[in-house]
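Each chain gets a letter, A, B, C, D and E, in the order it is written, and its residues are counted from 1.
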Amino acid sequence: MGLEAYLFLAATVFAIGLFGVMTRRNTVGILLGVELMLNAVNINLVAFSRFQGDTLGMVFTLFAIAITVAEVAVGLALVILIFRTRRTAMADHLDLLKG
Amino acid sequence: MTDFPILSVITWAPFVSALVIMFGARHRPGFVRWTAAAGSSVSLVLSLWLYWAYDRAAAGFQFVERVELVPALGIAYELAVDGISLLMILLTAIIIFAGVFASWTVKTRAQEFYALLLLLVTGVFGVFVSLDLFVFFLFYEIAVLPMYLLIGIWGSSGAVRPQGIFGWAFGRTGVGTKEYAAMKLTLYLLFGSAFILVGILALYVAAGSQSFSFLTFERTTFSPALQTWVFLAFYIGFGILAGIWPLHTWSPDGHASAPTAVSMLHAGVLMKLGAYGVVRLGMGLLPEATIDWAWLVGTIACINIVYGALSAMAQTDLKYVVAYSSVSHMGVVMLGAATLTESGLNGSVFQMFAHGVMTGLFFALVGLVYEKAHSREIFKMGGFATMMPGIAAAFTIGGLSSLGLPATAGFVAEFLTFLGAWTSAHSWWLFPAVLGAFLTSIYVLRVVRHIFWGPPSADPRFQNLPDAQGPEWVAIGILVFVIVLFGVIPGIAIDPVDTATVPLLTRLGVFP
Amino acid sequence: MTSHPVVLALWAWLLPAGAFLVLALAAPLRRSGRPAAYVSVLTALTALAASLAAWQGAATLTEPATLLWTWIPQHDGPLATVGVLADADSLVMLVLVALVACLVQVYSLGYLDHEEPAALGRYYLYQSLFAFSMMGLVLAPNFVQLFICWELVGLCSYLLIGFWYRKPAAARAAVKAFWTTKAGDVGLLIGIVLLWRQVGTFEFGAIRVMAEAGAVPLAGLSLITFCLYLGAAGKSAQFPLHVWLPDAMEGPTPVSALIHAATMVTAGVYLLVRTSWLFALTPDVLLIIGWVGAGTALMAAVLACVQTDIKRVLAYSTVSQLGYMMTAIGAGFAAAGFLHLLTHGVFKALLFLGAGAVIHAVGTNDITRMGGLARRMPQTMIVFLVGTLSLAGVPLFAGFLSKEEVLGATWAGGLTGPFVLLVVAAFLTAFYMFRVVFLTFFGAPATPAPATGSGAPGAVHAPHDAPAIMSGPLWLLAALSMVIGVLFTVTHRETPFDMPAWLMPLAVAVSAGGILLAWLTYQRRIVSADALAAAFGPIRRAALANFWVDAVFVAVYRVAFLSLARFIGWVDRYIVDGVLNVLSTWTVSAGDQLRRSQTGRVQDYVYGVALGAIVLVFWFRWLL
Amino acid sequence: MTADVVAFWGLAVLLVGSALAVVLTRNLFHSVLWLALALTGTAGLFLLLEAEFLAAVQVLLYAGGVVTVVVFAIVVTERLVGERLSHTSRSVPLGAITAFGLLAGLVVSIAGAPLAGPAPAMPDDLTPELGYAVLTRHVLPFELLGVLLLVALLGAIYFARPED
Amino acid sequence: MAALSAPLALELGTLALLVLVLLSGLFGPKGSALPARLAFGGLVALLFVAWNAQPGASAFGGTFVVDELALFAKRLFLASAALSVLASLGGGPGPVPRRAAEYHVLLLGSLLGMLALASARELILLFVAFELMSIPLYVLTGFRKREDRASEAALKFFLVGTVSSAVILYGLSFVYGAAGTTEMAALPAAVDEGHPLVYLGLGLVLAGLGFKIAAVPFHMWVPDSYEAASAPFVAWLSVAPKAAGFVAVFRLYLEGMGVTALAWVPVAATLAVVSMVAGNLMAIPQSNIKRLLAYSGIAHIGYMLLGFAAMSANGTGMVLFYLVAYLFGNMGAFFVVEAVGRSESSDQLDAYKGLAQRSPMLALSLLVFLLSLGGIPFMVGFWAKLYVFWAVIEQGMYALAFLGALLTVVALYYYLVVARYMYIDAPVRAGAIAVPVSLTLAIAICLTGVVGMGVYPGPWVDGVLRVAGTLFR
């Protein structure tokens, strides 16, 4: 199976993730979209690294995963915080700041 | 005396006094005023000495000072004067000196007022003395900016009824208010300076000689294509400040709203700064383009002359009349320059001076009249000559000068310009110019007659008003004196100027 | 050397300047009134002496002598100079100016004795300025100085007409005079500039040499001379620029005598005389000058017939006489015109001052309100009569010979048409002048009206002869015009043209006829004035309306200037500036529009990022 | 070889399908679960690419850790508001267009790019190599990562901690 | 180890400081000023070290370098951080003083990321550093968590931020895949041979970096975050991360590229123009000074991109100079905003009415900062703009220079509007505004920087040109 296939697959997932980020009303849902995007990136990296026969990509992936986890943690904390103060999870409702 | 940095002292003396006022004189109006007077008189005395000491035989740039500022780019604090700037410095010194006394009665926030005024003056001096284009530009902006606050804080608002197809926009911009006038003036002039900046940079890059010194540029010959558009950039940039049509509309509103001293300084000196820029940079550095574009400059100047005069005739507000007359007279300045003849160019520079003093006088007087009668409505006032003979006489003299009556400075300038116009490549310029002079006589005398020499007005507001007194006489006196002096003995001004214009024209190929 | 005419002339010129400066700078002195007047009068007297001395020395002058100073320098020699040019013409004119100025100043001491001190000081300030400027004009060695002084005398006329500026009429008349003459001056200025390019100098001497050597390029010269003539026409009140002169009578009468009769208004003629050699090159312009002059002479004469204000009569007669001078010049014989200028200067000043005395006494300008003054003020009557006779061109009086010479010159110049007009004008002159005389001094004494209309504070009680300070000058001038008249008659002057033998009888007959008609109409009442009026109905009506010239000017001013100005002003405010406002409004609202893109919804922000990414992706692909 | 192809396509379909489900389903819980499935599928891909260690990390840390955290968050928040979290989508067409736009851009760029040939042979177990790399060449990022996790945790706690 | 410590000195120092502050927070009394003072002292010390450090060192086989650019950037980061900390020393309302430890630890963490970023010549390090820089910023933006606006701004910042991180990462993956290595040294070659995936990668990365430097259309998080967060932090946020972003841009798109870099000119120019226009126009109608400054900041990014678009040593140097100018001008402005905000508890322009008559010096300093931002002579901002234009004109792009110059006029419009509030309008409330000493000091420093550099920019220009020169060897 060629590298191209993996890349296309990753691209597709990335696009889907983006779609999720742009369309989901619920902040948690948006986060899930981001997860998908990052996941797609991981596929990319691993595929590249495999087809070049080095481990760089994999190292990169490791870092990526770790960082993703960190981001998710902060993100969810934020969501909870906003829940507590605003009683809503809807991104659309958060428009005090605009213009 | 040669190593004494006289130019720097002239330039920075007002600034120093501004600092003293800003930090040294909290709420002590008397001290503030006298400091301002001191600062400006230092400049005045020194520039008189300078005027006397300038070696006419040697000509060229003298009293050179030079300090490296940004060696990497060849920017240096380089000052010098030649015949033209010499006269301009004198003009500036006179006007600010008179201006300080004319605004002796400013009471509200006097401290800031004088500080800003003097800061402004430093900028003006700087422009006239700086030989390094870059420093030139620095001072140029300094000369423009304080205007905003000066007009915004101490200015006076009027009201304009929206009319015409663009009327809808008037309400939103707030036409007539002093804030509007201040903003318009400042932004318009800065808009112009953007062109200038780009022009200067373009020349610098093209010259490629790691120096912003005027002398370096002068030695370089630029490609015609570059010259063409850079000249235009300079023309637009400086032209805005010189009030060329149709980019002049900042001037009536600005001058009408501004407090007395500011109007004096702005109409009297800053507008000249624009013309000076065109002559110094445009003509001095871009000979081919100058010759190519002369037709444009001169033609627009003619429009200025007639258009300005007619607009002035249409006004009912005294200050607007004076402001529009400035537009008209700046046309004479630009026309003289555009003729590319010795007499024309001399006339142009002379007109810068003459109009500077004249309009300074006008605004001073308008200020006084307003201060005493609290009105600027020409057709409401009348017969003031009985109550304020001094002001009436001075105003009449100013008016006569502005309509180019001989034995006043105005005549010499216009006469020279006419000669230049007729001997230029576009001799027809003469006729609009002369027509302008005639129109001027109409609107000026109309005003003079209505306000001063007409039958006394019955309006109770205008009974037994006082004449000018105390310090105000200083302002009026010095200005009237200068007008007449330079009108009777123009040689004292033209001598040095000629030493500067002839080389300029030689570069343009007018003289072999 | 100091006794050299040029130097003396210079002194004569500068003395009034000194007086002017003193009065201008020493405000207390000026405000003190009489002392100021004495300063001015004193200098005027000295100036007169100096100019007389200079005139004496004129005989010694072989060719014109000049003193020059650089006025406007230029890298190759002076561009313009100022100085003194002394030759026969200028010196004799100088004398005339100095004389009349001096007399008028003396006379004014009496005439204006009611003025408050400050005003009197102002009056003499203007007077000395005028004397200075007028002499400068006379002595001008070149066009520049001529123009400078030309404008300055205009200024003085403006100031002096408006001397009683509280009178609306006076203020208006002053401005009108300035504008009208200024219109002519525009022409003069253009002419000077054009000529300068043609010949490269302003100096009379140099240009004259070129002109007589035929070195002046003729192309476009007619235009130039015509422009110069415009200036002259403005100052010398030639049709249609004559409208200002009658109104100028709003000024004090001595001023009218000095400026608007004897000296300033003749400046135009003087200019043409000075540059006659130039005009000689452009006969077509001369023709115009001749015709316009003659027409003006007749028209003014007609107008003079219908005036009831004594000063206006005199004013129109001045216009008319200026027309005579112009015609002579137009005919190509400037000398004749100049001679008439001199004589006219004397007797017209005399007439005005006489009229002044009358007005001063009666307190009105209206001749219909006067009458039978001969018994009350005999001296005045006599001197006025002298003036009248010499204006009417009666032999043995100053005007006679000069007028005859003008007629002769016109005839010799081949201007038959103008000649006829002048003859008719001569008849009318005699008529209207004697109309004044009869109505004023003879006939039934009218009740003196209260001093209204005239600004002259006249005594309303029984009129009497003027005090010595006023009558003195009168007698002097009267004597002078007699002397000149007699002198000319006995020493018959050589004229450059030959007088036809029938001319003198004709002239005498004509004036006699005029006098006769006036006598019959206003003294004997045989011919009824009303019948005359009826006979010339249309003309009379037209004349009363000044031939609608004023109306035309007003219309031009209103339409061409004021309305246009208002239009331009509107355009500037609402179109030129309007565009600016629109632009700024657009900028601001553009900001407002863009700002809406900041919806505050996070996902729209993501859209921003996504779109940017897409664009960049495609762009970078495309960069390859 | 063919087994690889089949496996890849299987996983691909699974991955894309579950991904779509994540972004389309109307129930938040379900989409979390779908995400878990997608992540596991990715782990499968890693196995195909002979990155066993990464696959393990993926399953444990991601599919395990992350999903648990998310679920936990949801539970917490739902307790706060006391009702089911609605999970609808906004402006789907626009989102789809944009997503497709990006996809198109990516595909256009990727297609026809010169790519590395068939995968070279790899050592059986990369784990020690990875560990070595991380602790030598990439020690600096590793250290930073530590700090990163620290501050992220700090921040998360700061936010999540109830009012103080 | 000694070999390592030299180049890593600053990073390790920061790390140590971070730990120190953390401990002081853990064991110190609640709400004590100790952590803040500690952080400030440490930062000053580090700044001192950085000032005396010499360029040239490198580690990890050239993947971590301390070259001129890195050193310049580090000094910039440290200086701005020190200033920001100094400004917030004065206590005041909000959680910052109460939670000084967390606040400063986060800040230092982010700073550490920046420091590492400045030296990164390797993609993984670059990315990790980037994230280390970004994540604390999200938290700090929402640090006033009790305020709805703050948390909302934080969430927005976070969501858009993570998306853009994903984009960057995705791009990096392609770069790595095409170049076959994660060392940036290999980039120029890869770009030169025109591998499509490298271009794709760089395109995506640019999108991500566009977010970090807040260029239009990636700018939308900026106004909201600025409005919600505390001014001293915003001051820092508005300068340091952007500088970091530019450093990354230079490293990825310029360093060693030579003429190849000219390929980016159109893209950079477009971004510049869009940012300048949009930023300036959108700033006009703002009534909240923080938002106004935010939009003007976006416009300034546009000007910097203009310098970048010149793709020349001069252009790059001028961007660096611009950053310094921007540091003083913008931070100063935000400090004044903080001062006014504390006493008036409002960031609306109305709060500035008659400020000149209430506390003249404060008004004057804000005026100076704004004018500097507006590019008025004798203030550093002028030189910055001018140099950028010069660099652009040098490349013959007159039109861009013209546009830039004209837009400065638009910018001056809204700066002058602020001036109008301060100077022309009459004060609504009487009494001077109380400014804590530390804040006064911070403002004074910025003022000195603005005016000092404005009057005598010579040495700085030489400096930045030297730095930029290294990128084009």
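Methods note: a residue touches a chain if its C-beta (ideal position, glycine included) is under 8 Å from a C-beta of that chain, and two chains touch if they have at least 3 such contacts.
Every value quoted in this text rests on a predicted model; they were computed, and no experiment measured them.
Engineer: Please report the smallest number of touch steps linking subunit A to subunit E.
Structural biologist: Minimum step count, subunit A to subunit E: 1.
Engineer: Out of curiosity, which chains are bumping into both subunit B and subunit C?
Structural biologist: E
Engineer: Between subunit B and subunit D, what is the separation of their C-alpha centroids in Å?
Structural biologist: 71
Engineer: Counting in whole Å, what is the centre-to-centre distance of subunit D and subunit E, each centre being its mean C-alpha position?
Structural biologist: Measuring from centre to centre gives 32 Å for this pair.
Engineer: Taking the mean of the C-alpha atoms as each chain's centre, how many Å separate subunit A from subunit C?
Structural biologist: That pair's centroid distance is 97 Å.
Engineer: Could you state the distance in Å from the CA-based centre of subunit C to that of subunit D?
Structural biologist: 104
Engineer: Which residues belonging to subunit C are in contact with no fewer than two other chains?
Structural biologist: 588, 595, 598, 600, 602-603, 606-607, 610-611, 613, 617, 620-621
Engineer: Scan subunit E for residues touching two or more other chains and write them down.
Structural biologist: As it turns out, subunit E has residues touching two or more other chains at 124, 127-128, 131, 135, 138-139, 142, 145-146, 151, 155-156, 159, 163, 167, 180, 196, 199-200, 203, 223-224, 285-286.
Engineer: Residues of subunit D that touch two or more other chains: which are they?
Structural biologist: Those would be 90, 94, 98, 102, 106, 109-110, 116, 138, 141, 145, 148, 152, 155, 158-159.
Engineer: Under the stated touch criterion, can you name all the chain pairs that qualify?
Structural biologist: A-C, A-D, A-E, B-C, B-E, C-D, C-E, D-E
Engineer: Per the contact definition, I'd like the list of subunit C residues that touch subunit B in the complex.
Structural biologist: So the residues of subunit C touching subunit B come out as 70-75, 79, 118, 144, 147-149, 151-152, 155, 162, 165-168, 171-172, 174-175, 178-179, 182-183, 186, 189-190, 193-194, 196-197, 561-562, 564-570, 572-582, 584-585, 588.
Engineer: Residues of subunit E touching subunit A in their complex?
Structural biologist: 123-124, 127-128, 131, 135, 138-139, 142, 145-146, 148-149, 151-156, 158-159, 162-163, 165-167, 169-170, 172-174, 176-177, 180-182, 223-224, 227-228, 285-286, 291
Engineer: Residues of subunit E touching subunit B in their complex?
Structural biologist: Interface residues on the subunit E side: 356-357, 371, 376-378, 382, 386, 389-390, 393-394, 398, 401-402, 405-406, 408-409, 412-413, 416, 419-420, 423-424, 456-458, 461-462, 465.
Engineer: Within the complex, which stretch of subunit A touches subunit D?
Structural biologist: 1-9, 11-20, 22-26, 28-29, 31-33, 35-36, 39, 42-43, 46-53, 55-56, 58-59, 61-63, 65-74, 76-81, 83-84, 87-90, 92
Engineer: In the complex of these two chains, what residues of subunit B are touching subunit E?
Structural biologist: Result: residues 68-73, 109, 112, 137-139, 141-142, 145, 148-149, 152-153, 179, 182-183, 186-187, 190-191, 194-195, 197-198, 201-202, 204-205 of subunit B touch subunit E.
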